[in-house]
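Two complexes come next, and they have one chain in common, chain A, joined by chain B in the first and chain C in the second.
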Partner chain A sequence: MIVARTGNEAMAEAMRQINPDVVAAYPITPATEVVQLFSKFVHDGDVDTEFVPAESEHSAISACVGASAAGARVMTSTASQGLALMHEILFIAAGLRVPIVICLVNRSLSSPINIHCDHSDTLASRDSGWLQIYTENAQEAYDTTIQLVKVAEQALLPGIVSTDAFIISHGMERVELVDDNEVPKFLGERKLNYSLLDVDNPVTLGALDLQDFFFEHKRSEIDAMDHVLPIIERVQKEYGDKFGRYYSTVDEYKMDDAEVVIIAMGSTGGTAKVAVERLREKGKKVGLVRARVYRPFPKDAMLKAVTKAKVIGIMDRADTLSTLGGHLYNDVRSILYDTATRPLLKNYIYGLGGRDISIEEIEAIYDELFNIKKSGKVDKNIVYYGVRGE
Partner chain B sequence: MKKEKKGWKDLPIGLVLEAGSSKEFETGDWRSEKPIWDSEKCTHCLLCWVYCPDSSIIVKDGKVQGIDYRYCKGCGICAEECPPKVQAIKMVREEK
Partner chain C sequence: MMASLKQLAAQEEKFAGGHRGCAGCGASIIARQVLMAAENPVVVGAATGCLEVFSTIYPYSAWEVPYVHNAFENVAATMAGVESAYKALKKKGKIKKDLRFIAFGGDGGTYDIGLQALSGMIERRHRVLYVCYNNEAYMNTGIQRSSATPRGAHTTTSPAGKVIPGKLQLRKNLTEIIIAHEPAYAAQATFGYWNDLVTKVRKALAVEGPSFINIYAPCRLGWAYAPEKTVKVSKMAVETCIWPLYEYQDGQYRITVKPKEKKPITEFINSQGRFEHLFKWKDDVPIREYQEEIDFIWNRLLKRTESQ
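Moving on to the complex of A and B:
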């Protein structure tokens, strides 16, 4: 079925079709609608979900942890400060290996206070042990929400699927929905290796873990991250085979012979694709790589994608405030260290607090990268693009 | 009972252990003070049993039987909660 939906509406539709056992949530701009629409589905009897309107995001995610450990299929939604307030429990959820899925809208973290898009909220949580997938449009947000539930339950890892604030969350788009009855069939029942509600087989969950066992448990959690990419790839393929829309961990656009490349995340991927098309019409060998799956980092797929690139511009919609540039830049720079022919890299920090990035600006970045290719050197590795006073 | 410690690949996923495993962790040797219970003075009001954070007051058929020194950490809450007119529990220095 083809419908007109905003990113938030698309995510809420996916949640309705998934019909989770428990949703515990606290609304926050710009993700409010996801929970608001979902609560209407609960009220109207469109889902069987036990809906817990919590008094804070910390409580919401805590309730999610308990419900998931009891064996429920659990989802929630948040953004920015909400995710920051969940921060403590994110690590606990990952360590307890409870497969919660968060439908998240990327919004700047305060301060200054702002409600618009950048990726500082999820990137501040990147080391929490949650899967992170950044989507380019409402369709991808919808499809990925369904996929991520299956991935999370198979890997026993929690995951975040995100959209860019307002650009995707409130932008109306053409979205193709899967039939209602197909989604539960695709997901199947959650398989449990224990349940806190199984009184005949009681377990201890999350016991104190000191010098003699903490490291072993952490190592096991790291191992799950090491092995989740094939699960993501398998679920993406199953989804594509069934519903016709295929995704990959790393989204490549016109990369076959690309020499000058931009790597970006989120909605900027879509904007950059138009810039690539325009430059290709002029005969320029440009390409785009979109880091769709960000945690774990799809190292092999990323290396394979950029293997022929001479110059790469990496666009980060957040800064690490470490003097070392953005998160994506550091990851890409790190994986390229062991390659024989390291391409030249330049980091563009852009769009903080929701500042727009236009097709023309991305074309200008490609032009700059061509100049770097010509001169063979990068004058400044990290630049702040589109900020006044530079 | 010493068990061979498992490597990370052999651990159950998600910090799940058998129920009641804290029974194996005897905390009695943490004690620097020890509660001494006097069966003559005790009125079996069970306040000590209610307040003991380590379930170390042994009760049978509604009557206090004694203190489980395998787990008692010597916090003294039982002595504090024992009614002033009764004073059936006294804390003494642990000597070894």
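Moving on to the complex of A and C:
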């Protein structure tokens, strides 16, 4: 079915079709709408979900942990400060290996307080052990939400699927929905190794784990991250085979012969694709790589995508405040260290607090990257793009 | 409802011995008594704190029932999630048994950092019994003050100093705060009156909505008394009305154990090192203020029960 939906509506539709056992959530702009729409589904009897309108995000995610440990299929939705308030429990959820999916809208973290898009919220949770997938449009947000439930349950890892605040969350787009009854079929039942509700086989979950065992348990969690990419790829393929829309961990656009490349995340991927088209019309060998799956980092796919690149501009919609530039920049720089022909890199920190990035600006970035290619050197590795006084 | 010791003793143990609690730890007696009282199978959650630490040092667990520990401030929310999962899965026929849910939190995890989550759990009417085992300080981290710590008590963050003799403030009356939420059942108990405690747990697990029991949990380490005195200290708290045993249900207050003769609080506090400095203090202000608080709360409770 083809419909017009905003990113939030698309995510809420996915949640309706997934029909989770438990949703515990708390409102926050710009993700509130997801929670509202879902509440309506609950009150209209469109889903069987036990909805827990928690008194904070901390409690919402805590309830999700309890519910998932009890064997339920569990989801929530949040943004920015909400995710920050969940921070403590994100690590616990991942460590306890309880699958939970967060439909997240990327909004900048305070302060200054702001409600618009950047990626500082999810990137601050980067090392929490959650899968992170950044989507480019409402369609992808919808498809990925469904896929991530399956991945999370198979890998026993929680995951975040995100959209860019307002740009995607509130932008109306053409979205193709899967038939209602196909989604539960695609997901199947959640398979359990144990459950808190199995009183005949009691388990102790969340024991105090000291010097003699903690490291092995943490290592096994790291191991799960090491092995989840094939699961993501398998689910992406199953989904594509069934519903006709294929995704990859790293989204490549016109990369076959690209020499000058931009790597970006989220909705900027879409904007940059238009810039690439324009420049290609002028005969320029440009390409775009979108880091779709960000955690774990799809190192091999990323390396493969950029092997032929001579110059790469890495666009980060957040800064690490470490003097070392953005998160994505540091990741890409790190994986390129061991390659024989290291391309030249430049980091563009842009769009903080929802500042727009235009097609023309991205074209200008490509131009700059061509100049770097010509001169063979990067004067300044990290620049703040589109900010006054720079 | 009345339980007999014989019956209780014949049960299979749900909270095993051999854990790492101090000898004479009140919290461990509470965990055992509460689980003994439960007639349905239970799922338990615990907040970070002494009980959680000493009962589940991996690879050991004292819990013979399903148990989850999430964090310090969120056991109420965690168990709300477990109970919601139960409701959802029961509706779908995936769970057949009739289960009950019990959250254990210390006074720090309940009066202070976990108050919001508990308030939310009750307001949303999750059918969970929340047990606060109240040892009147943050014991696990080395005896720091909480809002349950009484006036004058020495803790490591309200020390008996040269100019300030222990904690300056009075205790927060959490039980009344919870009662203001109109839970399906609320009570105060302590293990020295085991029959009263068991009866209350059974009532709490029988009601359809949220329930709360604030259980006084003498702590030999933090209160500084000999381990064998634990039960005696528990009883003395009731005899001095420092810990009135009462319950609240359907808008009615009921005192469940009325001391024959209300003893002065000095008979309770002189048994514990945490109050030792008060007897050497230049004036009687801390003890007097504590006594006045106890009298005020007890008299109000008497009035509430008389007027009914």
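Please note the rule applied: the second predicted complex is superposed on the first by the 390 of 390 C-alpha atoms of A that agree within 3 Å, B and C clash if a C-alpha of one lies under 4 Å from a C-alpha of the other, contacts with A are read in each partner's own complex, and residues count from 1 in each chain.
As a convention for this text, a contact is a pair of C-beta atoms (placed from the backbone, for glycine too) under 8 Å apart; a residue touches a chain by one contact, two chains touch by 3 or more.
In this text the structure is predicted, and so the values were computed from the model without any measurement.
The superposed arrangement places chain B and chain C in clashing positions on chain A.
Contact with chain C, but none with chain B, is seen for A:89 once the two complexes are overlaid on the shared chain.
By the touch criterion defined above, A:35 lies against neither chain B nor chain C after alignment on the C-alpha atoms of chain A.
In the superposition on chain A, contact is made by A:203 with both chain B and chain C. Touch criterion not met for A:311: it reaches neither chain B nor chain C. Applying the stated contact rule after C-alpha superposition, one finds that A:193 touches chain B and leaves chain C untouched.
Contacts of A:213 after superposition on the shared chain: both chain B and chain C are touched. With both structures placed on the common chain, the touch criterion links A:231 to neither chain B nor chain C.
When the two complexes are overlaid on their common chain A, residue A:56 makes contact with chain C while staying clear of chain B. Once chain A of one complex is fitted onto chain A of the other, the partner contacts of A:103 are absent, as it touches neither chain B nor chain C. Between chain B and chain C, C contacts the larger number of chain A residues. Clashing C-alpha atoms between chain C and chain B turn up only in stretch 225-233, chosen from 225-233, 279-287 or 297-305, once the structures are aligned on chain A. Residues common to the contacts of chain A with chain B and with chain C across the two structures: 96, 202-207, 209, 213. Listing the residues of chain B that touch chain A in their complex gives 5-9, 11-22. Considering their complex, residues 21-22, 24, 48-50, 52-56, 58-60, 62-72, 74, 88-89, 92, 96, 195-199, 202-210, 213 of chain A touch chain C. Across the complex, chain B is touched by residues 95-98, 156, 193-194, 202-207, 209, 212-213, 215-217, 219-220, 223-224 of chain A. Those residues of chain C lying in contact with chain A across their complex are 41-43, 45, 52-53, 56-59, 61, 63-71, 73-74, 76-89, 91-92, 94-95, 97, 99, 116-117, 119-120, 123-124.
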